[in-house]
Each structure stands twice: as C-alpha cells, then as structure tokens.
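Note that the chains are named A, B, C, D, E and F in the order they appear, and that numbering of residues resets to 1 at the start of each chain.
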Amino acid sequence: MLGGVPGVAPGNVVILGGGVVGHNSAKMAVGLGAAVTIIDRSLDRLRALDDIYSSQVVTLASNVFNVRDAVRHADLVVGAVLIPGASAPKLVRREMLKTMKPGAVMVDVAIDQGGCFETSHATTHTDPIYFVDGVLHYCVSNMPAAVPHTSTYALTNATFPYLAELCAKGLRQACEDNAAIRAGVNTYAGHITYPGVAESQGLAWSELRALL
Amino acid sequence: MLGGVPGVAPGNVVILGGGVVGHNSAKMAVGLGAAVTIIDRSLDRLRALDDIYSSQVVTLASNVFNVRDAVRHADLVVGAVLIPGASAPKLVRREMLKTMKPGAVMVDVAIDQGGCFETSHATTHTDPIYFVDGVLHYCVSNMPAAVPHTSTYALTNATFPYLAELCAKGLRQACEDNAAIRAGVNTYAGHITYPGVAESQGLAWSELRALL
Amino acid sequence: MLGGVPGVAPGNVVILGGGVVGHNSAKMAVGLGAAVTIIDRSLDRLRALDDIYSSQVVTLASNVFNVRDAVRHADLVVGAVLIPGASAPKLVRREMLKTMKPGAVMVDVAIDQGGCFETSHATTHTDPIYFVDGVLHYCVSNMPAAVPHTSTYALTNATFPYLAELCAKGLRQACEDNAAIRAGVNTYAGHITYPGVAESQGLAWSELRALL
Amino acid sequence: MLGGVPGVAPGNVVILGGGVVGHNSAKMAVGLGAAVTIIDRSLDRLRALDDIYSSQVVTLASNVFNVRDAVRHADLVVGAVLIPGASAPKLVRREMLKTMKPGAVMVDVAIDQGGCFETSHATTHTDPIYFVDGVLHYCVSNMPAAVPHTSTYALTNATFPYLAELCAKGLRQACEDNAAIRAGVNTYAGHITYPGVAESQGLAWSELRALL
Amino acid sequence: MLGGVPGVAPGNVVILGGGVVGHNSAKMAVGLGAAVTIIDRSLDRLRALDDIYSSQVVTLASNVFNVRDAVRHADLVVGAVLIPGASAPKLVRREMLKTMKPGAVMVDVAIDQGGCFETSHATTHTDPIYFVDGVLHYCVSNMPAAVPHTSTYALTNATFPYLAELCAKGLRQACEDNAAIRAGVNTYAGHITYPGVAESQGLAWSELRALL
Amino acid sequence: MLGGVPGVAPGNVVILGGGVVGHNSAKMAVGLGAAVTIIDRSLDRLRALDDIYSSQVVTLASNVFNVRDAVRHADLVVGAVLIPGASAPKLVRREMLKTMKPGAVMVDVAIDQGGCFETSHATTHTDPIYFVDGVLHYCVSNMPAAVPHTSTYALTNATFPYLAELCAKGLRQACEDNAAIRAGVNTYAGHITYPGVAESQGLAWSELRALL
C-alpha cells in the first residue's frame, strides 16, 4: 500500500523523467500519499515540478549517482524517460537491481521505445510481469490500453483537431499551413522525414519541406 | 482511470460513511483526481472533512434522497458505514442498482459486519467479484489482507500498547487501570460485556465492572 | 450560495474558456467552494490549469458534446471565450437553454466582442439582466466598471509602462523598439494594421512595419 | 474586489469570532484571495484555524488593542461573535469608526443577538444598509434568508434528526434520552430552562430535569 | 540548507513528539521544504497531523525500531517530547549517535524537563552548542528567549485571561470556579498539589480541593 | 520569529524581485508562515507567482509608490532584483529608511551586482551586518557560501552539463553547437562579448560569432 497509513511509513516511489508521463505518475503517487522522488535532466523542468508540488516531492538532477542512490531505496521505480521518435536511454543498469529491496516493483512506461531499464523487455496485458534478481518488472506494450475509456477520450482530444484539418485541407495544404502537422509526418513519398526515426533505424532522412 | 486526465472528466466516487475507512478512501480518491462525494449522518464529521478537503470533496447529509441521487451518477461506490460491534445498515437498496451506470463498481468495506448494500454477500481474495444488474460488486471479507505489509504494521501500532499493558499487569488489573482496555472486552467469565455484540446476537449483556 | 455548506451540495459552475478571465473566474469559484468545470480548446491550457487546481476543477476539451452536457447541469455558466480583436464564437446555442435548470445564471464576459452565447445581447450596469427560457442572462458591457478601484490599478499596471515609453520616444520610435507596442497598433495613417479588426469588419489590412 | 488581481493588493478582511460563522466567512474570503485576519478569544480555536489555513490567515488573540489595530486597516469587518442565547459583546466601539478607511464595510452577522458593533441596528433585506462616519453598515436580520436554497437544506440537515426523534418519542421521552434535545429546550411548563435566555431577560431559570 | 533547491535533495528532519512544539517545528520544516518525519506514541495525534499535512510529512508510531531507523538518516533531530510536570523520557540513546551522519544536528526542546536525548545537558544562549560523537547538540534552556517579541505576546495571550480572573476573584475563588486554574496550581499551603511534580521529586502530593 | 504563532501576528516580509532568488525567498517565508509581499515589474511573473501561491502572497506591480508603502510596514526586506551582467537598480532609497520600523532587517541578495538598496555596501561572512537609521543591513558578498553543501550541488547541477560539453568538444565547437554556452561567454580573444558587462564598465563589446 503505497501511501501507508498514519503511523506506518509510506512507500518510496522513484520516477525517472519529469515529462507528461512522469508528471502524471508523480501526481497520482503524491495523491496516494507516497514519498515521491522525480529525477530529470532539465533543471527548468525540476523547478516547474517543485513549484507545483513544493515539499510533496523531492526533485533530483539526473546523473548516475542520484539514480543509483534513489533506486536502492525505492519500493516502486517508474521509467518514464521518453525521447520522441528515438530509443530511450538505459538509466537503470542491471547491476543496480542487486542493491534494490526484494519485492520492489519496476514499471517501464518507455517500453514502446525500447524501455529505459537495461532489464526491460516488452510483455503483454495477459502475461504482464516477470522477475529479475527478485525485482518485479511490468513492461506491458501499449500500456494505455489498460484504461481504454480514459485513453480513447484523451487521444481523441489530442488528435481530432489535426484530423479535422487534414480532412478539410488534404495532407499537402495542411502541412504547409500547420507546423505541428508538419512535425508529425514520419515518412513522405518513400522518404523518412523525421530525424529521430531515421537515427534509430540507422537510415538517412529528408527535409519534408523539400518533398512537398 | 478514476482521475481522468486534463481534458477528460474524472470518475465520480461516492463514499458512504466518513469515518476512518471512508476518510482514507476519500483521501486516496481525491489524490488520484476523482470527483468525490462523502455522505455521512454526522454534520460535525462532514464539517471536519470539509475543513480538510475544502472544495476537493462534496459533503452530503445522509438521507435516502441524497444516497439515491449520488449513487445514480457514481462510477464507484464505497460502502464504509461501520457501527462498532453492530450490523451495518443497508444504505443502498436493490432497486437503486437499476438506476446506476452499467459497469459501475461497488466496494463494500463493511462486509465483515454484514455489508451496507442490500445486494452484498461476502466473497474471497481468490474469487472477489460478482455482478448484480450489471453493477460490479467487490465484497471481500478481511479486505486489509490484500496489503499485508501495511496492515500488519498498522494493526500492531494500534494494538501493541494494549498487549504490553495486559502482559505486564494481567487482565483484571489492566481493565481497572485503563478504560480503553475495559471498553474492548467482549466477553468475560461467560457473560457478554459489549452491548453491540449482545444486541446483534439477541442476547443479554452484563456490565464488565460488576464482574471484575 | 455557490459554495454550499458542509452537508449541502455546492453549485455547479461551468466556465467556457481558460484564459485570463476564465482562470480568474475559476479561482474565485473554487475559492467559494463551488464544483467547477473549465472547457477550453487548448490541451496545454487545460494541463496548466490542472497543475494549478488538481482535483479542485474538472477540465474538459471543448466540443459540442462536452459544452451541451456541462451546460445542462450548470447553476452558473461563465462565457469567457475571448479571441483578441475578433468576434467570439457562439458556444452556447439557443436550443441548449431548454435543457438547463430553471433559474440558472449565464454571465457573458465576452459581451464586448459580441458575446459567446447565441442569446446574449449587451446590457448596462443600471439594467443588467434579462431572462431567456427561464435562464437569467447577465451581459453587461464593460463589466470591470463594477469594481472601479481594482480595475483602474490593474489596467494602469498593464498599460503605464507602454505609455511611458510612448511619451519618451514618440510613436514611431516606440514601435520600432518594442514589438509589444507594435502589436497593439490597430490603425495607422488611415490603414487598419491589426488582422483581427480587419477580419471582423470585412476590410483589408496593412503590415504596420511597411507604413512606418 | 476583495481578492485583488496579480499586481494589485487584495482587500483586508477582519473577522471577529472564529466559530462556525466566522470560519465560513474566512473560508470564502481566503477563497476569493483576500488578506484575512481572524480574531477570537480562544487560543485553541485560533490554533485549529491556523492548522487549516496556515499562512493564508493571520490569527490574533482578542483584546482591545488587536481589535482596534485590525479594524483601522480593514476594508471589510465581519462581526461573527455569537454567544448562544446571550447578547453579543460590543467589540467595535463607535470611536473606532473614525480611524477606519472611508468606504469600508461592516457586516454584523450577530445582529439577531443584538449585534457586536456598537453602531449596529437591525435592517431588512429590502433596505439593508446605512452609513455611520462614512463606514457602510450591513446588519440585516435573518441574513441566511438571502440564500434560501442553501439555508433551507442546511437548517433541515441540522434539525431534522431531532424533529424525527421528537415525533417518534414525544417531548418528555426525547428529552430524557437525548442530552442535545434537552439542551435545546428554552422554556418548559411556563419556566425558562435556558440560562442564557434568562440572563439576557433578567429573569430566573429552572433546571429542565427537575420539571420533567 | 534544509529545504534543498530543485535538483538537490532536501534535508531529513526527524521530530520526536507531535504536540504543540513538535507540530510547530514540523510546520516550519515543511514550509522550508524539508523531508519531515514525526514520531509520536498517540495514533490519534498522528492521524490529526496526517490530515493537516497529508503527503508532506511521514508519521511513525513511536517505538525503539522507528526512532533508531529515523535518527540514522536524519540531518536534524528535534526532541519535543514534553510530559507536563514530569521528566522527559530519553528516546535517543547514546549508542544511536554512532550511526548518525557526521555533522547532523540535534535540538532538544525538552531540555527544561531534563531533555529527551541521553546526551543532552542544558546550555545557554551565549554558549549554545557542543558535540558528542560528531553530532552537534543544541540544548539551550529557555529557548523561547531567542525570539522574545513573539514569545512575550504568545505567553501573554495564553496566561492573561487566568491572571485577570485571579486578580478579580482571588486565588481561592478562582480555583473553585475554574478547573483550568485549579489544574495549574503546583503547591498550596506548603503541599505539592501537582502529581507530576511530586513524582519527579520523589515526594507525596495532596489533592488541591481538600486544601482549599 | 517571522511566522508568528496562532494568536500573534506574523512578520511582514517584502521581496523586491520575483525571479529565482525572490521566488525561493518567498517560498521559505510563506513556509514559515510570514505575511509575504512580492514586488516585480513583470505582470506575467506576478501572475505566475499568484497561480502558485494564491492567497498566500500579495503581488504588487513595481513602482515607487508601492515600494515605499510596502517597505514602511516591513519587518524584513529582501532585495532580489538581479539584471544579468548589469548593475542592480537602487529600489530602496535612503530616505525610505526613516519611515521603517526600528529593528527592521534588510537583506540585499543583489549585493554582488552592487546591491538594490541605496544604503547597501558589501560585507563578509565574518562581519556580516551594519545599521543605517536603525535598520539592520545584511549585504554579504557570495551569500550562497553560507550553505556550501546545497550550493555546491545546485551549482554543479546547473553547470556540469556545459562543462562536459566544453571538455568533449573544445570551446570553439561547443560555442557553435550550443547557444546557451555561446550566451555565457563574457570575453574572447581580448574582446568583451557580453553587452551587460561592457555597459557596466563603459567599454565597447564585440559579437562573439564574428570572433570565432
């Protein structure tokens, strides 16, 4: 029980990455009463989180020392380091698991980009967990599918305006008018147009504007 | 997902009873971002909860009208009406279930005192749920067993001081010195000494002090 | 009484638009203890409001379904959709009023840009309200005049620095040095220089920089 | 506008009395963003309010020095000193009004017990205000009538349980069983049974138990 | 710097005792952004603190295991265990100091009752600190004298009402009318009348009421 | 004692400048329970602070009237107006000190840029304070040195990523790749390359890019 009760210490939750996923994880963990630590590379991001949560979370700059020390005391580690279109870095190395509490839990939300724990491999909603060195791993691909109602509305809220513009204008015009749509094109006319994808596949990429 | 995300409405959580269990349920539901309503008979209790949660919860006086109306819009109903030593009243009647959202969830924490929903019957951790009129019921006996680590510490924190005093002084002396221990004695020398137990069994009870 | 008291449900306040006006309305409604819903087109804006208010407000993406559903349960609807220099969109259609609670209140803060309710028309501080389908409308032009003390300081805080720069440098130089002043020029030398104004009047506009 | 806006100082609200009325006034004033000071005789009450509001309110022990100093800087003074069944003390003396800001507002919620400002006299919802030394007085009898919907529910929540018990048992038996009902009896069989009423009328009183 | 800054972990503050002194220490430590743990024997007290501070403090039941573990990770330990009129128990034993961080700080607010650390001895405002096993001790007698302005007002607020009653009525009558004054009498007519004082001095005590 | 205690008014803290330093000062002062006023030129900054602190701070637009009025009632004034690379403006003039409370404290965090009080001059950690007109001045150069542990981590968090890039790439390449490093170069090849430094020294400056 992450939040504990008065008189019993709450669980330690360590969240790697303070972006949208990490922030939402922190919000829920704080809400349940856990002791929450967020680790991120960006000091600006940590300052923003500190403004929102004040003494309810500990914010730490991301480096090997801080990750190792935080993971060692954690009851739950959430890997939420997402680099759009690129592979996630392996922040928790295999040897760190030996220092963790037996029965601790690691959830790798970055699994769809390859995961941010060295020991992560994708699992499914029907067979979601496995153990490495006594540490429980939950690395389900397409995690939002577990809450289909909320996920569908959230995804639709975010994507419908682009869809409406694409339908009304067609792809070429929509790309010319709207930088956000342009930025979302991964391939066009047989070329990779998104640098992160090209890099993760070891291929070349082309500037979309030159292809339109 | 009870708390929703920005842009998607959160779930409605209705908690019947604002005592320790209801309060802790509300704390977690608020923490997750749900829209929380607490219904209790005691205005003093509702005022105290309003002081703590302010505009984060709606507090309602307990009466048939408010229960019926709240249950109708609920995604989750938590039954947490516990009357020490006595059977819980049946606040949610069977006919109210027909007005509820399909797929709504009801959790009856009072199940160990008989439950506070008319449609509750005790289930187990291995086969925990059943449906009535399309509404999911979770009525597991001894619910705290699901979080054994926290429960054990919490229970020990609460009971150990009494245990220590009983060991040191013996039952008779401990009862004479400590009103809280005296109040916890259910039977003594073959007599029921706790009015709530006597009433629920239809038996007579005796004053403990007279028996010591 | 919007906020209710412990034991009595608070009023439902629906705020259309999460900009400065909508945010301040929400802050006051939350402060008074009301159940507040904010509807906005921008998910980023909703996320920012969710960071500030957490489980104290419900944030909803703006679409016809959400507006219609929210308005139906509202005790107070605040129209705060302001598009600088352009007419406000009519988010609440006349037919939605028939579904509202009798005696509900609608306040159209966007009235100076034409209003964001279909049934809005400008009123005055001396005769401020009228009813349509049993719903009270408050659509006073120049609403801030009701709190002249605060409004005057707030307006002066915002405008005095520009005024000082205009006095010190003259219009032409101030426009060249300061993009914010440039952006505030509506007409210059007989030409409309602000696109929103030109569009709402059906006239052509000129680039200010070309005229200086 | 009590709460100010960013960049403009909020109004100073001084609340005399930290009981239910004063607490609710403080909650709303804090919610609107005002700078709130609560003055009460009971340090325990001030500690409880400080726990709830922390640095959002200033709590001051009630004495002539603190009242005089607080009133002098106030934009709004709320008199909420209610002594059940007895006349309210006159905490704000007439000579203090001369030191107040012109246009300041005084609301005497204790008016139904005679008021807690020396210059208070009861007014009505149709002609609610008057000025003394340039200070606006609002001293309407039966103030809750201005919010009849909320007041009716709140009053019914508080009184219905007693009413139900009185109907079921009759007055004599209800008084014997329930100390709260007993405490609410003002007269019985031609005798005053409530000390506060007797004192405020200069009459003798009798112990209810002796009369039953 | 107890509170840390975004990106740097805050200090760990452990507070022994959740009464008025411990609560105020916690309030300040939380306010500064520290990671705060409060240890107390009373679960009711811990629940009340948890209601106020929620996930901003960790509450732990007082036992040797919890004290030892908390002290080991602390940057600051505040001893605030006060038992009115009696000696404070020695919660931090000398051998625990060897496990503490070098440079950690211990403040014994209970020093005027003998202190609640085994290694405490009273110091003065002019020579306030000393080291044991590398741990800094601050055990100044009459600590409130460091903030004379606030202390004087606070003490006067608390004591003046009793003083006024004593002056008006004389000691005997004031004791008869007011249980709080009666409870504060330590000696009367040559007899100790306060059990805690008698116990700490190894002397007998007399019931005040019998002496009046 | 800045925060007061329940029943005793807290101290007034006035913070000039709402940037990182001012914000952190406000956070601690609010945390301690003080009555906090922040004065800044930027309305956007004040709005952001108001979102975070709501009714816990008063925000005021910076002008001579507001500074003078706020300073007059202050117990502590924190000067935190930092303009990168340039001298701080003198916001508190000498004549304002005569209106201040005797014993008030002024801390000039901007002292390393010359200070933002007219009466500031740099002092040291060994002889940190002096008085002007009865007002205590604390103007220690390199103030962060008082909390070396936190400062070192904070500074390293902020600077290490640049250092790593400089080591890996050399100065010229790092400047070409990273605008933030480029912006931090004060002199290069004998030329001043930072406009603020040039201006404060009355010297000319060169564009770094032209020198690379």
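Throughout what follows, a residue touches a chain if its C-beta (ideal position, glycine included) is under 8 Å from a C-beta of that chain, and two chains touch if they have at least 3 such contacts.
Computed from a predicted model, the values in this text were never measured in an experiment.
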| item | value |
| --- | --- |
| Common touching chains of subunit E and subunit D | B, F |
| Same vs different contact residues, subunit A with subunit C, by half of numbers used | different |
| Cα superposition angle of subunit B on its copy subunit C, in degrees to the nearest 5 | 180 |
| For subunit A paired with subunit F, centre-to-centre distance based on mean C-alpha positions, whole Å | 35 |
| Centroid spacing, where centroids are CA-atom means, of subunit D and subunit F in whole angstrom | 45 |
| Per-residue overlap in subunit E, given as positions that touch at least 2 other chains | 3-4, 7-8, 27, 30-31, 33, 43, 47, 52, 54-55, 61, 153, 157-158 |
| Arrangement of touching chains [line / ring / star / complete / other] | other |
| Touching pairs among all chains present in the structure | A-B, A-C, A-E, A-F, B-C, B-D, B-E, C-D, C-F, D-E, D-F, E-F |
| Residue ranges of subunit C in contact with subunit D within the complex | 1, 3-5, 7-8, 24, 27-28, 30-33, 147, 149-151, 153-154, 157-158 |
| Of all residues in subunit D, those that touch subunit E in their complex | 41, 43, 47, 51-52, 54-55, 61, 63 |
| Contact footprint of subunit C on subunit A as seen in their complex | 20, 27, 31, 52, 153, 157-158, 160-161 |
| Complex contact set, residues of subunit C against subunit B | 3-4, 6-10, 30-31, 33-36, 43, 46-47, 49-50, 54-56, 58-61 |
